[in-house]
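Some structures to go through are shown next.
Each of the next two complexes has chain A plus one more chain, namely chain B in the first and chain C in the second.
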Partner chain A sequence: MRVNKNWKQIILFLLPALILFGVYFIYPLGFVIVTSFSKWNGISAPVFHGFKNYIELFQDETFRLSMRNNIVWALVLGFVQIPLAAVMAMILARKPKGWKFFRTAYFLPNVISQVALAMMWLAIYNAEFGILNNLLEMMGFEGLTRNWLGNMDTAFPAVLVQQVFYIGYFMVVILASRMGIPDSYYEAAEIDGANVFQQEFYITLPMLKPILITTMTLALAYGMRHFESTYLMTNGGPAHSTSVMGILLYRNLGALNYGESNAIGAILIVFGGATIALIRWLFSRNLDADDGIQ
Partner chain B sequence: MKKKVILMLITTILALSVVMITGCKKEDESKADQPAKQELITLKWPTIWVGEDSKAPMIAALVDEFNAMNEGRYKVEIEANPDYDAYRNKLNSQIAAGVVPDLFVLNPDPTSLSFYEGDLLMDFAEELSGSWGDNFVSGAISGATIDGALKSIPYEVGYTPVWYNMDIFKAAGIPDIPKTYDEFFDACEKIKAAGFIPTSQMTGGTNAWTSMLWFSHIAASIGGPDVWEKDITDPVFVQAAEILRMMYIDGNTSKDAVGGDAGVSGGHFLAGRSAMFINGPWYIGRVKNDAPDVFKATKIGPAPAVEGGFEGAQIGFPQSNLAAGATDDPAKKEAVIAFMKWMTLPENVKKISMDAGSMFAVKFGVDDGEDVDLVQGQFMNAVNDSAFVNTHFQANFATDVVAEFGQALARMALGKATAEEFIQQIADKID
Partner chain C sequence: MHKTRSLNRTSPVDIMARTGKWIYLIFFLILTILPLIWLIISSFKTNYEFETQPFALPVVWQIQNYIKAFQMANLGRLFLNSVIVAICTTAFNTLVASMAAFAISRENFRFKNGLLTIILSGVLIPIIALMVPYFKIVSGLGLYDTLPGLIITYSAINIPISVFLIHGFMSTIPKELEEAAIIDGCSFTQRYTRIVLPLSIPGLVTSGTFVFIYCWNEFTYAMLLTSSEASRTLQLGIRFFRSQFVTDYTSMLAAIVITMVPTIFVYIFMHNRIISGMTSGAVKG
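For the complex of A and B:
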């Protein structure tokens, strides 16, 4: 193995970053994992508890439901939100009339705080005065009105749907990448007789593959650690139907069950890491094969 | 090149060290030249009594007054935390990390009282054993003492009788508040017929507050003063759960009660839509300011009694205690005690109570000529007229069990669980 002759300087310059990384990431990570094997209320000293926290968690119906909900979140964000964002980016990249307005309009929710958005959706879904129920009543569908966030059958889809349509962030990222594809590719395809759909399918999609993998990975990671809008809109209810692992973690913190809380944290880390690794492995195999296109 | 880089780094480090050392020396020298002067002690107080909270204006005024009186010596800085649940969770995390705020508000329950373990909180037992302790109502100090340690000072107390909107009762043709649950459900029918919502309920928030209080009232009425000594699977609680379930069906509460939080349940009462609601005296200021018509129509009274059970039950509990982080610095401890004494001074507590309607564990007198708020007066009467006072569900169970109450209640309210199953879900969490 060849050693870089400047290794001392490299280490010297990397040291501050490594120290910070160690203090603010490696140490807390190790702390979470070690204490996840303990019974600890945060005040007294932790008592070694073996795998009991993990066993109890996997035996708990609410935890299993929360885990399932996290998987659904990840899949929906990765495989519904990203394709929606990609389609929208492809449309806007063709610069139809008012494309700049739509680009801004779709991105706008990303500059509004999650709390404000959650409050807005609470008002939309409210059973007594909500816009959605009012709209249904006006259209003569009174039978469809319900307490959207207070019904075990509709609460989870209701929270999920409001999040899926916030495609702006990923749309802008994909759009930036799409704008980098030379127009000459499309002009050549047009001369060869390719229609718009063929151009998008055979030119845009393969060219966007790296950015699609990146955005999909980010969306999946977000789905696995999802917390904010569920906490704000339903707090995991009714009857745990919208619960996610982050909510259980937070609730256990509040109850001073730090051992159990950290066990959930460790599962989240392992689960999230494994999902991301799997996705990257699956897609990167194809990416390597498609390298010729790049 | 290599030598140059290393030389540059060493020179920079040396230069920085010289600057820091000389800077520190100069500072020390300048301090030594000055005559001894007491340093200003600043105490940070993250508190929930800010923003919309009815106590906020008077608390802010008292803190300002304290700071003015102790200018140059002590300064209390309020850190606003208007979200009660977030405040509680933030405190838990901070305390677990060993970072205890200088001053804070502790809601006493089995979970938060575990902060008494270890030496993170300041112990006021010695100070309060003297004349300062005489300011408090009987039993308050002993109630906050665990194993001889008094690590939170009893402050605000809560009593939660029922708020009745008598305008709605009148519109529904009901002459008086219901005394039994038979009368209660008859009243519900009439209230619905008049176009109003009979009760405000909620399954959301961290504790399903309003419904948890209804449940506590019903359980007290069936099980009596010692009800919380019974196991949660006792038939008393199943019977109480069944009555609570009935409050959720047939339009006896609002459509958004399942999943609704305190804003939803309180909102219906404030808007004059619901006829019966439960909350503590701290809500008086809110109703008075935000819904003056409802305030005028409000009658505070006991919850109905279950036939064959105990009459005159009332729910009361220590709501908020004052606490502080332990310190080895005697001057800082002195500052904390000075502030605690200031906040628990009977005339100061009276100011907050008269302004916000809240009730306290500190005794103060009200002169004949003084204008006591009408609703606050009714609160006092409701407490005085009660046969016994029980704590609520939340005061008797850990935070995670309390959180499960709301989730289990939602299941029962949606018809997915019976009263027995509701109780069993809570019992499973306790296990």
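For the complex of A and C:
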């Protein structure tokens, strides 16, 4: 390739973005991984001690529980939220009355901050005046009322439920793909006597396979790094039952255990990358064979 | 065709499909919208009404909850900080990302595709894993607990997504327009400022909307990188001033509603752009 005669301006135009990207993405990645092998309080120089941070983490029961919770998050988002979003996309793609209103409404929580949503759900789950308990009492289920977020058995499901029904983000993405399937496919199937369930199962699902794999990969990756709403609603409690890796990372940072913090960070990065690579690899052959709508 | 349709409409399977469809639609509407409506109505109640009649409308709509929210939590200052951070980040990020997107989409050079792939793969990195280095970088620059510290950090975090959106849009602008301009003696920079940038405004607005909403709602790094009220944003305010509202719950709800208003406002006006931005392949890959 010949050298572009505008090369000076090209570099000048790329430079600001490259500096920001280098300082905030590439350098921190190397930084996290290198210092994860050290004992470091952030003030004196890091002392390298091999895999000690990792060994200690995996021996720590709280960390193992947090990692398990992140895996549950990943599975719930990938295998519950994505199917829920896909069914909604299938329904909305048939343009029922008011479908644009529904689409706008379901996406709305995605523009509201996690802080506001978490505070709202704290008020819903509250033991004394929360509307969930009030609702149960009104319907005559006094026995079911409880301190939802303060109870070991219900806190983790309660935090999961808060997020899992906010399907708007993935629904919008899947819906766009679904709208790309020509109507004529469905008309032909209908003439052949296929009912709506058969049409969705035999036409939509195979055609949407690529986007479902993509969204599922993302949902799994988001679950592995889940942090914010749990931090805001329970901060990992009660008794670590809702804890996730991000919460331990943040706590170690606050306690000036930077080495441990970065070891958790490195685990998050590796797990996220591995999740994405695994799904890609599992489906790569199928993806090549199908001409789905991307 | 007409006959098969009318036949299908009355079959048991079809009745099941239609009933199921509406149950599903309404179930999700209740879960996503009803709590928000309850929150907004509750923010206009007295504390006594809120605790004794959680589902009733307020007897008198308590506008003063909102006034109290502003007075108790110094919400005005936090609101201003959030506005400054969101607007400056959006402007800075859009400028930087559009320059890079312009060079990548309009010129040919070696490593161009590799460069784009590397930048875009930034969206896959779990940003929370980078808390320690971000804290160190911002402190090292002397920007800990300042608004510029947040502005630069947010601008950088959003580079992958905004380069993706703006590059995607710029790639659709026909090259012929620029070729004519080059013949007329337009320089590289003039092609950017006079031709490509004005034509890319829809793409810039989409990207800017995403960045604005991100900045307004961001919590984790605002918590990590600031410590004083002078540089805290609204999201931190409502999180940490909970203790001040311990006896006045409905004023706290009013404070929460205040933080939601700007992004909901943006969403109402921009939802077509937000949805088209996402479906242009915010997750294609």
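The criterion applied here is as follows: the second predicted complex is superposed on the first by the 266 of 294 C-alpha atoms of A that agree within 3 Å, B and C clash if a C-alpha of one lies under 4 Å from a C-alpha of the other, contacts with A are read in each partner's own complex, and residues count from 1 in each chain.
Keep this in mind: a contact is a pair of C-beta atoms (placed from the backbone, for glycine too) under 8 Å apart; a residue touches a chain by one contact, two chains touch by 3 or more.
Just so it is clear, the model here is predicted, and its values are computed rather than measured.
J.: Looking at the superposed three-chain arrangement on chain A, would you call chain B and chain C a clash or a fit?
T.: After superposition on chain A, chain B vs chain C: clash.
J.: Would you check which partner chain A:G42 touches, where first means chain B only, second means chain C only, and both and neither mean what they say?
T.: In the superposition, A:G42 contacts both chain B and chain C.
J.: Which one hits more chain A residues, chain B or chain C?
T.: Ranking chain B and chain C by residues of chain A touched puts C first.
J.: Examine A:F63 and indicate which partner it touches, taking first as chain B and second as chain C; both and neither are also allowed.
T.: A:F63 sits against neither chain B nor chain C.
J.: Tell me the contact category for A:W73 with respect to chain B and chain C: first, second, both or neither.
T.: Touch partners of A:W73: none, neither chain B nor chain C.
J.: Applying the touch criterion given at the start, work out whether A:N6 contacts chain B, chain C, both or neither, answering first, second, both or neither.
T.: both
J.: So, does A:H240 touch the first partner chain B, the second partner chain C, both, or neither?
T.: first
J.: Could you look at A:R251 and tell me whether it touches chain B, chain C, both or neither (first, second, both, neither)?
T.: A:R251 contacts chain B only, not chain C.
J.: First (chain B), second (chain C), both or neither: which does A:G150 touch?
T.: A:G150: touches chain B, not chain C.
J.: Classify the contacts of A:A127 with the two partner chains as first (chain B alone), second (chain C alone), both, or neither.
T.: first
J.: Go through the superposed model and pick first if A:Y186 touches only chain B, second if only chain C, both, or neither.
T.: In the superposition, A:Y186 contacts neither chain B nor chain C.
J.: Check each of 9-17, 27-35, 45-53 or 63-71 in chain B against chain C and return the one that clashes.
T.: The stretch that clashes with chain C is 45-53.
J.: On chain A, what residues does chain B touch that chain C touches as well?
T.: Residues common to the chain A contacts of chain C and of chain B are 6, 9, 42, 128, 250, 253, 258, listed in rising order.
J.: Mind pulling up the chain A residues that touch chain B in the complex?
T.: 6, 8-9, 12, 41-44, 126-128, 147, 149-152, 155, 234-240, 250-258
J.: With touch defined as at the start, can you tell me which chain B residues reach chain A in the complex?
T.: Within the complex, chain B contacts chain A at residues 2, 5-6, 9, 88-89, 92-93, 95-97, 111, 114-115, 117-118, 120, 203-206, 254-261, 398-400, 403, 406-408, 410-411, 413-414, 416-417.
J.: Tell me, which parts of chain C touch chain A in their complex?
T.: 1, 4-5, 8, 11, 13-14, 17, 21-22, 24-25, 28-29, 31-33, 35-36, 38-39, 42, 50-51, 54-55, 95-97, 99-100, 102-104, 107-110, 115, 118-119, 122, 124-126, 128-137, 152-153, 155-157, 159-160, 163, 188-189, 192, 213, 216-220, 224, 235, 238-239, 249, 252-253, 256, 259-260, 263-264, 266-267, 271, 274-275, 278-279, 281-285
J.: Considering the complex alone, what residue numbers of chain A touch chain C?
T.: Result: residues 1, 4, 6-7, 9-10, 13-14, 16-18, 20-21, 23-25, 27-29, 31-32, 35, 42, 87-88, 91, 96, 102-109, 111-116, 119-121, 123-124, 128-129, 131, 134, 138, 165-169, 172-173, 175-176, 187, 190-191, 193, 195-197, 214-215, 218, 221, 224-225, 227-228, 231-232, 246, 249-250, 253, 258, 261-262, 264-266, 268-269, 272-273, 276, 294 of chain A touch chain C.
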